[in-house]
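Two complexes follow with chain A in common, the first pairing it with chain B and the second with chain C.
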Partner chain A sequence: MTQTTPTRAVPRRRGLWRRLRHDYAATPAAALVTLVCGTILVAIAWTLIDWAILRATFDPAAGREACRAAGGACWPVIAARWRVILFGLYPYDEQWRAALACLVVAAVILLSCLPRMWGLGRLAAIWATGTALFYLLMRGGLFGLTPVNEQQWGGLPLTLFVFVATAVIGMPMAIVLALMRRSSLPGIAIPAGLLIDAIRSLPLLSILFTCAIVLPLVLPDFLIGEKLYRVVFGAALFFAAYQAEIIRGGFQAIPRGQEEAAKALGLGWRQRLVRILLPQAFRLALPATINQFVIAFMETALIVVVGFMDLLASANTAFRTGEWTFAHVEVYAFIAAIYFAFVFGLSRYGAFLEARMDAGQQRS
Partner chain B sequence: MDGYARTFLTAAGVALAATAAQAGNGDTLKAVQARGKLNCPGDIGSYLGFAEVDDKGNWKGLDIELCRAMATAIFGDPASVNIVPIDWAQRWPALQSGDIDIVIKASGGTLSRDTELGLQFSMSYYLGTTKVLAHKELGLSSLKDAEGGSVCLPAATTIETQVASYLEANGITMEIVALATNEEVSNAYFSGRCDTFAQWGPVVAIAASQAEDPDAHVLLPDVLALEPEVMIMRQGDDNWVDIANWTLSALLFAEQEGITSQNVDEIRANPPSAEVGKFLGATPGVGKGLGLSDDWAYNVIRKVGNYSEIFERSLGMDSPYRMPREMTALWKDGGVLFPLVFD
Partner chain C sequence: MARLLSFPGTRRQRELALQAVFLSALAALVLGAALTARERLAAQGLTSGFGFLRKATGWEINFALLPTTTADPYWWYLLSGLVNTLFMGAVGLSGAFALGLLVGLMRSGRNPAARLLGTLYVELFRNLPIILQLFFWYAVATALPNPRQSIEIGGALVNARGIYLPGPEIGRGIAALSALAILAGAGLAVGILAARRFRRAAPLRRQSLAALSLAAGFAVAAGLALAFRDPATPWITHPRAEGLRITGGWRIQPEFYALALTIITYGAAYVGEIVRGGLKAVPRGQIEAAAALGLTAWQRFSRVTMPLAFRAMLPMLANQSVWLMKATTLGIAVGFSDFFMVVAGSINHSGQTLELIGILMAGFLAINLTLAALMNRLDRALSLEGSSMRPRR
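Here is the complex of A and B:
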């Protein structure tokens, strides 16, 4: 992002038409390409609008026959099944709790994205409160809330929980692993390197299976815990292995002089790390880190194979019933919009961070 | 589910079968009673007519109802079930690790499941056939007429091998179009990419009933393969198998004797025969040997219904699928299902 760089291009005073002609139809070949691409885009947009809006059925009471007659998208499937899509198998009468829990997660994420909240104490407070509230709402059992087993969690709250927990547990692990791997002591660097490489050579699926199914056979009873938490731990480990390498890449890109200068100034190890190295490593690794977050969010859909109804699985459940089998495109479009909102938000936030950090960089 | 996961889980299943202690006689019932709930498999997504989720997030379907019937036999309450959403490949590891007490998941009894995985089966509660759906305009009367045509089917499933060997055995050459998911397969067929569509019987029947014009498709008479669907349990707990078998028998016996959830109270008050009287717990004896109460069968019929009631609301005329019973009818209606004798 370079918006902050004051590029003062001399504004060329020309009419809109001339500018368009200059940009899109400078030569006959360019004009042809513009025409072809433009036609394709308009055709796609028109087909979509025609399907999703013009010929679509919006009456929530309409069924298959009415939708078929109209020929377009059949949105009543969302009206009838949105609670299955969003909350999966979470008990129907308690779903307001799942909805509130989603809002809590969203609020915590939004709050911790605000630069003024960036401080270890503040962040820790936000996350501790948020986690406690989320768990209390979802799990229940206190303050007269009916207990709801983790097996019954599903849909959006489950997807958010797995993503956030993976990132929150995985990120500190990644930093520790990256530091260990950079250590000058072979006794620390080699085990860390082995662990990272071992995890990276396994598919996420097999790690999830191992955590869900094999671990209970190996671990002593008091360590087994709920399957959901074992799976989240596995996902976090996987996230950490990749993120550690990303952070290490960030470290390597810092000029050696930075650390040497800090040493020369008499800064201790902790100060060098926290004040000099980590901020720069994170800034350099930011695009790859955002990428990793996006991948982690998408990969939450894999927990379906170890028996959790995440958003994608609950969407599958929603249209696979006698009345709605024909309407799977509408349901997929609905959850695609949800995924898009999250991932797009995430990448825009990444762009904002980059711009902010770049600005700091250029002042110096 | 991709091939990798399937292989991994089969391996895990075999390993579990080797390491997991076998269930002792009566252990499962004790564990279930101590827990207060029967753990059954649901599905990730759903399996139309057998395990699907209604608007309020409640499970329904034939497999689910059988689980409810068993829970009612044990606890007298169809709500005492805990439906665990698990995928196909997870069935065996989940059963062996004790996450679920029984697999009622449209699964057939096979030699390898019996011996290698260390499982045992109930009697068959449904006869799954592999059938072929064809566009009516092609005028096919059997698969032989489809020579040179194409068949859509789900990739890497038993359906694929069944179709291949059936075609080979009957000297038919067809182009096989194997696709990953059920939606893709049926979309490919209904969009006209394939002439025919091979799948497990209920799946094709349901697909046809949901088609834009159900009359434009015809179910070919060929039966490519038969798979008797059974309830599957861990090896070694005979009492648990007995409970599964007698629950199923109770559903079928009630249908045979014309006992429904509507008239069960009248019939219990005034049983037409000593056998029915004992069955409904009017006279003692039906529960003791199984470790259940004497009114277990009465509870099952009153609160869940007989086999016919369950079938009709899951797959039959009271469901959107309107499937006929065919082979899955009682023996006296030309089918192959029968109850054991309540003496």
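Here is the complex of A and C:
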């Protein structure tokens, strides 16, 4: 043993050196690339650490002058304004309800990420209960909760509400649209195809705008309703048009034999759809569906433009008023962290599912 | 389907009846909406129709490539907005493709430092809402020092009102015409490279023809600028601060560059992923064969890998371009007068909601169809016989 130790140690050290050289500086050009990229990385890391930690002010009582003097990030703005950022105009004393409502949505999303919950019935039940609970907490009016109308909703709960409602309304719409487009009857397939393509070619903003401003012109009075619900409907329609194409792709990827076998067994149209086709189509379309959910979540931020106080808009007001006008970077960093945590988590989950399904495919 | 409806008749009759019911319900819906709208508009004293397009607007837009005044009619404003959108789209798309190519190459290479940088870039920009990024850049742009304390960088002035670059003093209309000439030259060059008609021509001839048309575009632009410049002004004027005013030079408004920067950086994250997918889709055998033939690393990359990868990327790049064109509508959030913002403004001022929404839809449909047709054309022109290579989804 004592004899072999040095002979082992020497090649290993040379190996490491060689590997480093091979990876980072195989040619002079590669060395230059390493140098440039490394410098950029170190510069970014140093700037960030210096700004966010070393020269930052953390004392919650510190004001504008103290922050200016320190020169770095001014975190007291978050301590002073976090309730406005997170809950917007929601009545101050009732904000515990908004917080609880956010937790409900988080729980619903976490639950539906568990593979054992994947069944049409279970998922529908989870999402319906979650939405009802959320609505009860936010809107109040029952069980002694003070009513809070939709115009006072704001911040994170509003963002989550728009996302959840878009998904809950948009998903059934997407399934219906996909089935209609797949129909063998031209009188149904063609209008559905036209609708899907028309919506997909328009920017979401113009659809939200149309729903907020044009729909009241063309709807009968009893259907106009709150602006929030019209805008959510627009977002759901947009989501449905994209998701319908994803589901249709899933349908097309199912081997023909599956439907033929189901027909041969004498299953009716509905049984074939619910038991054979839809589960497989969803399984095949799962990665793209998760991706679409991620996009839908990010796109909820667009409702700012039609005048809602969602997370982004309440962040805007948090630094536009009073003494914090200089602290926009800190406030945006705070809400960016919230968005990033959600979106990054969901997209990592999508990648995990894809890998899991690939493994399943290889085994069979 | 048979069990779904318990109506009498043959299967064919039932299917016909189902379609008829569906279509008439649809028609009733549209008709009902149209009638309600007519009634409401009549109550507001508005007449429907496109006559308002000839009326003067009476309000201003804050960014226009075409010369606009408040006396101009609505159709000119709408056209001006469309030109702004196309311009923003051209800047955003070319920037996003260039930066995205760099990011994709960094992520696909072997160098760990470059890969880390590329990965950080993609994960950061792709996982944040684009409108949040836009607000961020706009807040940064407008929080720059005021004109009195402008930052000077090599003759250019940077302040909260914009970036002032040194440049020749030419009118806005001439500048737009020059830009159009350059674009036409570039478009012609791409057309010559892609067109089937020139396919049989020797590649060398094709390339020189394309280069010629590109150069012609620049020459016409330069000629226009020369012919219409004011001889009293110097060749290049530098921006100078006079108190709060800044004279001379070219001003780039914060609304414009914040939006352009957002579209470029956000788009580049997606284009980078498309580039990476395209490079991954190139069969290893092709690269190994090129190496076996003794091609150098650069030759392998530029003659084998890139041409194949580009063909694989093209359909997804087409989707991405359409997407980025639609993203220009975000201009309304910071006050950049793109097509959508002009339409929204027109709705506010004229009240002709339905007509203007129709124009908006027609405009975007036209942009999308043109882009899709162009990309399809390019795809067909570049397609290789016997190769149906597409990246894995």
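By our rule, the second predicted complex is superposed on the first by the 303 of 364 C-alpha atoms of A that agree within 3 Å, B and C clash if a C-alpha of one lies under 4 Å from a C-alpha of the other, contacts with A are read in each partner's own complex, and residues count from 1 in each chain.
Please note the rule applied: a residue touches a chain if its C-beta (ideal position, glycine included) is under 8 Å from a C-beta of that chain, and two chains touch if they have at least 3 such contacts.
Just so it is clear, the structure is predicted and the values come from calculations on it, not from any experiment.
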Chain C versus chain B on the shared chain A, clash or fit after superposition: clash
First, second, both or neither for A:Glu323, with chain B first and chain C second: first
Which of chain B and chain C A:Tyr92 touches, first, second, both or neither: first
First (chain B), second (chain C), both or neither touched by A:Met309: first
Dominant toucher of chain A (residue count), chain B or chain C: C
Partner chain(s) touched by A:Arg83 [first = chain B, second = chain C, both, neither]: first
First (chain B), second (chain C), both or neither touched by A:Ala355: neither
Which superposed partner A:Val33 touches (first chain B, second chain C, both, neither): second
First (chain B), second (chain C), both or neither touched by A:Ala43: neither
First (chain B), second (chain C), both or neither touched by A:Gln151: first
Partner chain in contact with A:Pro203 - chain B first, chain C second, else both or neither: both
Common interface residues of chain A - those touching chain B in one complex and chain C in the other: 203, 205-206, 209, 213-214, 217, 304-305, 316, 326, 328
Sites on chain B touched by chain A in the complex: 1, 4-5, 8-9, 12, 16, 19-20, 42-49, 52-58, 82-87, 89-90, 93-94, 97, 183, 206, 210, 212, 319-321
For the chain A and chain C complex, residues of the former touching the latter: 23-24, 26, 30, 33-34, 37-38, 40-41, 185-188, 191, 198, 201-206, 209-210, 213-214, 217-220, 268-270, 298-302, 304-305, 312, 316, 326, 328-329, 332, 335-336, 339-340, 343-344, 347
List of chain C residues in touch with chain A within their complex: 1-4, 15, 18-20, 22-23, 26, 32-34, 36-37, 40-41, 106, 109-114, 116-117, 120, 123-124, 127-132, 135-136, 139-140, 143, 322, 326-327, 329-330, 332-333, 340, 344, 347, 353-354, 357, 360-361, 364-365, 368-369
Residues of chain A defined as touching chain B within the complex: 68, 80-81, 83-84, 87-92, 149, 151, 154, 203, 205-206, 209, 213-214, 216-217, 304-309, 313, 316-318, 320-323, 325-326, 328
